[in-house]
Each structure stands twice: as C-alpha cells, then as structure tokens.
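Taking it in order: structure first as structure tokens, then the write-up.
As written, the chains take the letters A, B and C, and residue 1 is the first residue of each chain.
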Amino acid sequence: MVLLRVPSRVKAGLFFLGNAMLGTAAAAQAQEPPKPPQIVFNDSGGDMQKAMRDSFYNEFEKRFGIRVVTTSPVDAGKLKAMVESGNIEWTVTEIGPEEAMLAEKEGLLEPLDHKIIDLSDYPKHLQDRKYIMPKGVYTTVMGYSTDAFPAGKGPTSWADFWDVKKFPGPRTLRDSPIDNLEFALLADGVAPDKVYPIDVARAFKKLDEIKPHITVWWKTGAQSAQLLVDKEAVMGSAWNGRYFVAIKNGAPLKIEWNQGMIKESAFVIPKGAKDAYWGQKMLAVITDAKAQGIYANIITYPGLNLKSMEYVKPELQTFMPTHPDNLPKQVWTDAKWWLDNGKDMNERWSKWILAK
Amino acid sequence: MPASAQIAERRQSRMIPVLRGEQGPVMVGLLPVAFLGLLFLLPVLRLFLLSVEGGTLAHFDKAITSDLYLTVFIETFRIAAIVTCCSLLMAYPVAYVLSTASPRWVLIGLVFLMLPFWTSILVRTYAWMILLGRNGVLNQALLGAGVIKQPVALIFNTTGVVIGMVHVLLPYMVFPIYSAMLRVNRDLLLAAEGLGASGWSVFRRIFLPLTMPGVIAGTALVFILSLGFYITPALLGGGKVIMIAVLIEQQVRQFLEWGFAAALSCLLLVIAVLFYVLLNRLGRRETIA
Amino acid sequence: MNDATPHVVTAARGPLLSLSSIVKRYDAVLAVAGIDLSVQDGEILTILGPSGSGKTTLLKMVAGFEQSDEGYIRLGERDITDATPASRGIGMVFQNYALFPHMPVAENVAFPLEMRRMGQAQIKDRVAKALALVGLAGYENRYPRQLSGGQQQRVALARAVVFEPPLLLLDEPFGALDRKLREQMQLEVKRLQRQLGITALFVTHDQEEALVLSDRIAVMNLGRIEQIGTPFEIYAQPVNRFVADFIGESNLYRGNVSAVAQGRMTAEIEGGLMVTAQTATLYPVGSTVGILVRPEAPRTLGDGETADNVASGSVTEVVYLGDAIKYVVALDGGHDMTVRWPYRPSTETLQIGTRLRLGWSADLVHVVGWD
C-alpha cells in the first residue's frame, strides 16, 4: 500500500541515483524497459529472508518503486525446471556455490550485465564474474557449548574435535561430505593449503574415527545451532550466522574460527527471466556497500564489497568471517573441486553413513 | 461351460456402468479420468521417458547394480515395514475404541489423531526432541528414577524415524480400519457369542476377518506412503537413516541429474504398484464373502 | 437333533424357562417393568407387542446380551441370570439372520459345534443333517450373499438348532421376507420346532404371525405383559382395552353399563346405541367399559329378521381383500363399524351408500374394562 503512494518521489530519486551510479546513465535511461509492478526474489527464507528484507529488498523498493516478492527455499532443481519449461517465476535466486557452477555449466543462467552491476569495490579475482554474482561470504565453523567447556578450555582445532578423550561428549556435523572431508583432513594434520585436491580415502578413514560420536548429522541450518542449545550435542559445525543468532538470543555457545571452511554465497538470474533487466538492478543494489553492511549487522554474513565493513557495527566485527582476526584462520572452499566431485562424494557419503 | 459362463456373468454384473454403456455415469466418470490422466499419468509417462533418456537403460543399470541404491532400497522397505507394523498394532485398538465410542468422543479422538497433520514437521520434530532427546523428559525421568545410568538414544536413529513416521501415518491406518469396523454388523458378534464363542474366538473368527479389508487398505496406504517419506527420516534419523526419497531428492535438486532420479522413481513406483497389487489380491481373497 | 423318531409335542411338559420379576432400566426409562413368565417345555411362546414395548430387551436378557437389573432367569434347573451368552447354550435367530458373511454355509452351521470343540467328522455329519433338515443340502459351499432371503433364513435356523439347544430364540425373523415366503417359513419353523421337540421363544410385532405360530402368546406393552394365553384366548377374550385393540381388527366402543341380568349385560354406547353382551365377567351398572365387536361377528339382517344386537347404517368404504371383503359402515348413531365377510363370487358386492341392517348375537360381544 505504502508503495503505491510513492512512485513520483521515487521517480525523481531514481533519476539522480541513476546518474550517480551509472556512467552511461543517459543512454541506459533512454532504452530502459518498462517497470513491472513486482519482481520475485527466491532466497533461503527464515532469519536470512528477514535480513534480506531489511537491507536489500527495502532499498530496491525505495529506489525503483518495484515491489520485491519473496519465495523460498533455494532449489537448483526448481531452477532447472523453470528454465527448461520456459515458465520462470523467479527474477533472482540465491544458490549454493557448487550448484551455481553446475547451473552455469548447464546453461541455466543469464549473464551478469557489468554495465549495471559495478564490482569495482570487490576483491580483484571476483570482478570479472560472468554469471554468478558474488554476494558475500559465510563460514562453516566449529562451535561448542560453554556449559560443557568454559571459554578458553574448548576445542580450537578439528584435531581437538576428533579428540573425544580430552573433549568428551556427543557431537554434530552436517549430513553432507562438503566441509566434513576437509575437516577430517585438517584433523589428520593436513596443512590448510594442502587440503585440495582432497585425499578422499584418507578423509573417510579419518571420519570413521568420529562417526560413533556424532549424535546427529544435521540437515537444516536451524537444526545445527539448536542441537547445541538443547544439549543434544556439546560441539558441532554450523554456518557462522546460525551460531551468531543463537548467541544473540543468549545461548551459551562459542564460535571457534580456526579452520572454518569459508565460502562465497551467490545470486543468479535464471536464463530467460521475465524482468532480467530489473534483476540486474536488484543485483546492483546487493553490491551496495551500505546495504551489505546493514545485512551483516543483522545476521553476520558480511558482503564482499570491501567497503561494506565500514558500515558494520564495531561490536559485531569479530563475528564476521572477514574480520582480520578471523579471515587468516579459515580455509577457502574449492567450489570447483566440489563441482567436479560432488556427485561421487555424495554417493560415497551415503554409503559410508549406511556402513555399520 | 456352466462355471465359466457363471463367472463371465458375474463379471458382467460387476462391471462399472461406464463399460455397460450407460450415458450418465460416463459423463460423471469422465472428469476424474481426465483429471488423473492429465495430472498423474502424463507426468508419470514423462518421468519414464526421462529415465530412459538417450535411449539407454544406463540409469536403471546404475540404480540396480550400485550397492548404495540397493542397500537404500532395502533399508527403505525395512523401515516402511516396521512403520506399517507399528501403525497397525496401534491403529487397530484405537479404531476399535473409536468405533464403540459416543459421537462426541469420536470427534475428540479424531481431532487428536489429525493433530500431526496440522503441525509443521519442524514443530513435531522439536516436540519429539523435548520428549525423547538426550535431555528430554523421558530420559530425565528414567535417569532420576535410577532406571538408567546413561541417557538412552530414542531419537536420531531408526527408532526416532519410526516414532515420527508412525505419528504422522497413524490416521491413514486408523481411518480404513475404523470404517471397516463401523460396517461390521454388531449382531454378528452377539450371534457368535450366543453360539458359544469366547471373546477371543469372536474376535479371531468374526471381527478380525470382517475388518480385514480395512486392515489391508490401511496397510497398503501406510506402506506405500512410507516408501516416499523424506523429511521425517531426515530430521528424526539424525542423518543416520537414509531412505530412497532422500537420494532421489538429492539427484533432482542438488545434482540436476533428472534422468537418474527418474529411474530411481520409476523403480520405486513399480515396487509400490507391485506391492499394492499383491495386497489387493490378498484383500480380494479375504473379502470374498 | 435327535435321531429318534420325530415326536410331536402338543402338550406342555413343564416350565423350561422361567423369568421372575425381571426389571431393566435404561437411565430413567423403565424398559422392562417386572415380568414373570414361564415357557413350557416344547411350546412356542410368542412375545407380541408394539415397538418400544420391551419385548426385544426381554429376549436379549434371555440370550444374555443384556443384564437384568432385578429378577431371576432360570433355564431348566439352572439359574442363568448372570451366565455369559456363550455358556447359556441357547439357539438364536436374529432379525437379519446375522449369518457370518465371510464363511460359507457349512462353516456358518459348523460354527457353534466348533466352539464346542466337537470332532471334525462329527461336525461334518451334524452339519449335513441340519442342512438337510432345512432343505439346503448341497448349499454347503455357498456364501450367504449368494443365497435368497428365505435360504439365508434356513441357514440361520440350521445354525441355531445344530447344537441341539433346549431353547430357541427368534427375534422378528421373518420381517425381511415377502408375504408369501414369510407364511411358508412360519409353517416351516413350526414343523421344525415340533420335529425337534425344541422350545421356542419368539418375538414379533406382527400379530398375525403370532396367531399362526404360537402355542401361547404374551402380549407386551410398556414393559409389562398385558395378557398371556392361547391365540384363541388372546383374540376372543382380550382382558383389557390394549389387547382388544392391538390384536386383530376390532370395533371397540366406549360405553356405560346400563343393566345386568342373567349373565347378560347391556351397555349404552355414546350416541344411543345399546349393545347386549353375554360374557363371563360382568361389570356393575354405571361402570365405563370397552365394547368389542370383531368385524366377522355382524351379519346383514333381512326384513323381519332380528338378533340380540341390531344397528342400521350405510356403507362408506369397500375394501376388497381377495378372500374377503371389508366394509366400513357408518351407523346411524354416529359410530363406524368395520365388518368383514368371506368373499364368494355368487354374493353381490355392496356399493358405497347402500343401506343395511347389521345384527350380531350377544355371545359375540366382548367386554373389557375401559381403564
């Protein structure tokens, strides 16, 4: 309702903003496609969707007067079905890093329009992305209950995580080979820069050791932190934002950044999406340093725009994977390796889970 | 000749009106047939075509020869069978109580039975965790009473999966049995009793056989639904229980391998249909009367 | 079933079943209000009553499906008041036969024998005999749904008598049959009962059926037995207004006794009609009574003919019954009288509006108390 009342103001604003943002504003303005009443953004839902709403969606609506309708969850299969059937519901969708590469390989994505999306404040190696828009980072970190282990006396490496004598109690890890194979190698003493290509046999052999102590292989982000809160497990892995939200809500948890697996979160435009132009504009909003800062303040997933850290609250800085204290301790996930090996690893993982 | 003629005649009389050429029922039947054809048969056909994409049976070959998928198929049946048995054991008495209860209690009972349908899987999982978790009510009580020294693992394993699935599937077992029980003429039970049957004999010789069609319908429903379960085993199994739907979903959503997913689905469908045909045959023998 | 020569039982041999002071309440409703009843060995006793009279409840208590709140039930020498249905050993035929639909005929009939753990050979033999008795030899492998109503009825009978119970209960067993079949089955049950020498307690709301089947009839109303007696007694000498009204078609008038003399009494029916009755029970002058005239009692009087009772009127309705014709005659005093005469092709059917004089003798008038 509110939106219906603002278009005239927004139009005026748009003109100036457009000039400020785009070098070729005049040309772009001339051939700009008509505005749809709304675009559809598919994200992970839950806490993350709330954070997206308060940062990027509201900002986009304010700038362009186009409503952002949200759907969830993230589903590469659905993306494929949409593109293949030509009935594309989404304008923009979030997507897992390996799945994004798979989708790019299968030709399911619309190329990024670098005339609209400005990546000049991004790290150098990300600036020439063709299809996959890097939004931010997140890390699969270790966390533990400070009830079980007082701060400073908790596990600080995956070797500690594997050491059930020194740190007794049930554990939880994600039900997926991703991260876990890396953790196993790190626990087995492999140097962080030697993790890839993964020595699969060695990793599974090491995983055998911890298997009896895993009480739950978690499936959803919400589960991962809740299991520690409910004392079903004393330590585990989780995406850093999930632990942060639990800690913010008073849970006695601590995040251990050492040997966390850091990775990129990605957004893409499905090939042939109806309002692809406005999707590009949406992605442009997502690159905005201030909006990324607001987002990070809510859920501690920082943006990749290097200037966005300026907008992150000082007290939250240490919860960010990109904080100078945290970043060097972590290991970058090799999405390419997982693209090439993911299917085999998952089958092997399932077999391993079922093996007695 | 007389025997076969008799059978033919009976078959004729049993035929649905559509086949006897009456106009009204044809029109009535057309809509559901079109509905099923469009929304079920067509997608199934497409699924099948996907599974043999490229004109090879490579997907089926992989599905059948890979020990992972075979193992998971077997595990899926094992869990479906356990869930079906547990549901049956619980549903039969529940249905019996409902079939003898006053309308008000029937309503209350049905509401309780339907509760899991109206609760999200996450809420249900969380509730089971509170009850059965390591620090759950039950474990605390048992620890407190000194019955056990260590918390017992009641969820995040096969037990948890069975509990969660039975909870959701119970109504599918109760309703057919309940309706079969309602159809049993109570005079038959009195008659049997009057003819000298003990309570147990009345149950075994009269009540159980007469409610068998409901038992078979419920068993078919629960077993077949169990085969396709995905979220409950994922959440309550603690990741240690893998059912075939999980792997199919992975192929569809994560690896975009629709051909292979379709092959797995076709196998599951064929097995479900075979099971249904088998049960149906059994059911026909039971309900011959 | 006895292999001995079928013996015909007409005379009673003493009470087989006796009910004493039986009371049954459902919440506040008194379904059976203190009943005493004896069924003689070898007789067919029918409990006849309208629906809601408590007759089925009474039967269920005899079978053991309901518990009486007060009173005793004895079967022969045995007190069965608290016995389980299974231990009573009573045969019962249900309203809808209650055949087990999932068992073929032979299994249905064998059921009570199996429950008595009889040997297979003996069971086979007995089942064959029972089925032969009801004329269903060769139907062993049919399922109940493959049988006609009459055949189902016969299976139910065979099943109820195959274990030679001393007492057979029948709960409205002919209700679902068409008229012709019903009459046939009634006679068959009577034949079977006599052949087997079995005692039968029979419940029905159909008075015609009761008259056909019974050695004695107990008329039940509102949880009580109004009258018990032979069909003739019940029909010809009802003891009160309910029985008079309920049994048979009747002309029942309310009247005041105006004179009593020499075993006869005269009562005045409102509207001025005087009726003279010759009955065993005489009511004092001035009391209110019910005057019962059965439809077959009056005849037409020719000119100059006379009778104990005479009334004139005109025909208002003609009902052809096949073997009889029924007329409704509006009497000059303002009352209707239904008359029924056998139909003969030679007699001329009266037309509506025909005037006629009706006459009937005093011994065909029955008087009952009004209250």
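Throughout what follows, a contact is a pair of C-beta atoms (placed from the backbone, for glycine too) under 8 Å apart; a residue touches a chain by one contact, two chains touch by 3 or more.
Only a predicted model underlies this, so the values are computations on that prediction, with no experimental measurement involved.
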item: Identity of the chain that, by mean CA position, is farthest from chain B; value: C
item: Centrality ranking, top chain (CA atoms only); value: B
item: Approximate Å spacing (C-alpha centroids) for the pair chain A, chain C; value: 88
item: Chain centre separation (chain B, chain C; CA means) in Å; value: 54
item: Inter-centroid spacing, chain B versus chain A (mean Cα positions, whole Å); value: 38
item: Chain A contact footprint on chain B (complex, rising order); value: 66-68, 71-72, 75, 122, 126, 129, 133-135, 153, 156, 234-235, 238-240, 242, 247, 250, 252-258
item: Residue ranges of chain A touching chain B (in the complex, touch as defined); value: 75-78, 80, 99, 102-103, 106, 170, 175, 214-220, 222-223, 226, 230-232, 342-343, 346-347, 350-351, 353-354
item: Chain C to chain B touching residues, read off their complex; value: 63-65, 84-86, 88-92, 94-96, 98, 100-103, 111-112, 115-116, 143-145, 159-160, 163
item: Complex contact set, residues of chain B against chain C; value: 185, 187-188, 190-198, 201, 205-206, 209-210, 286-289
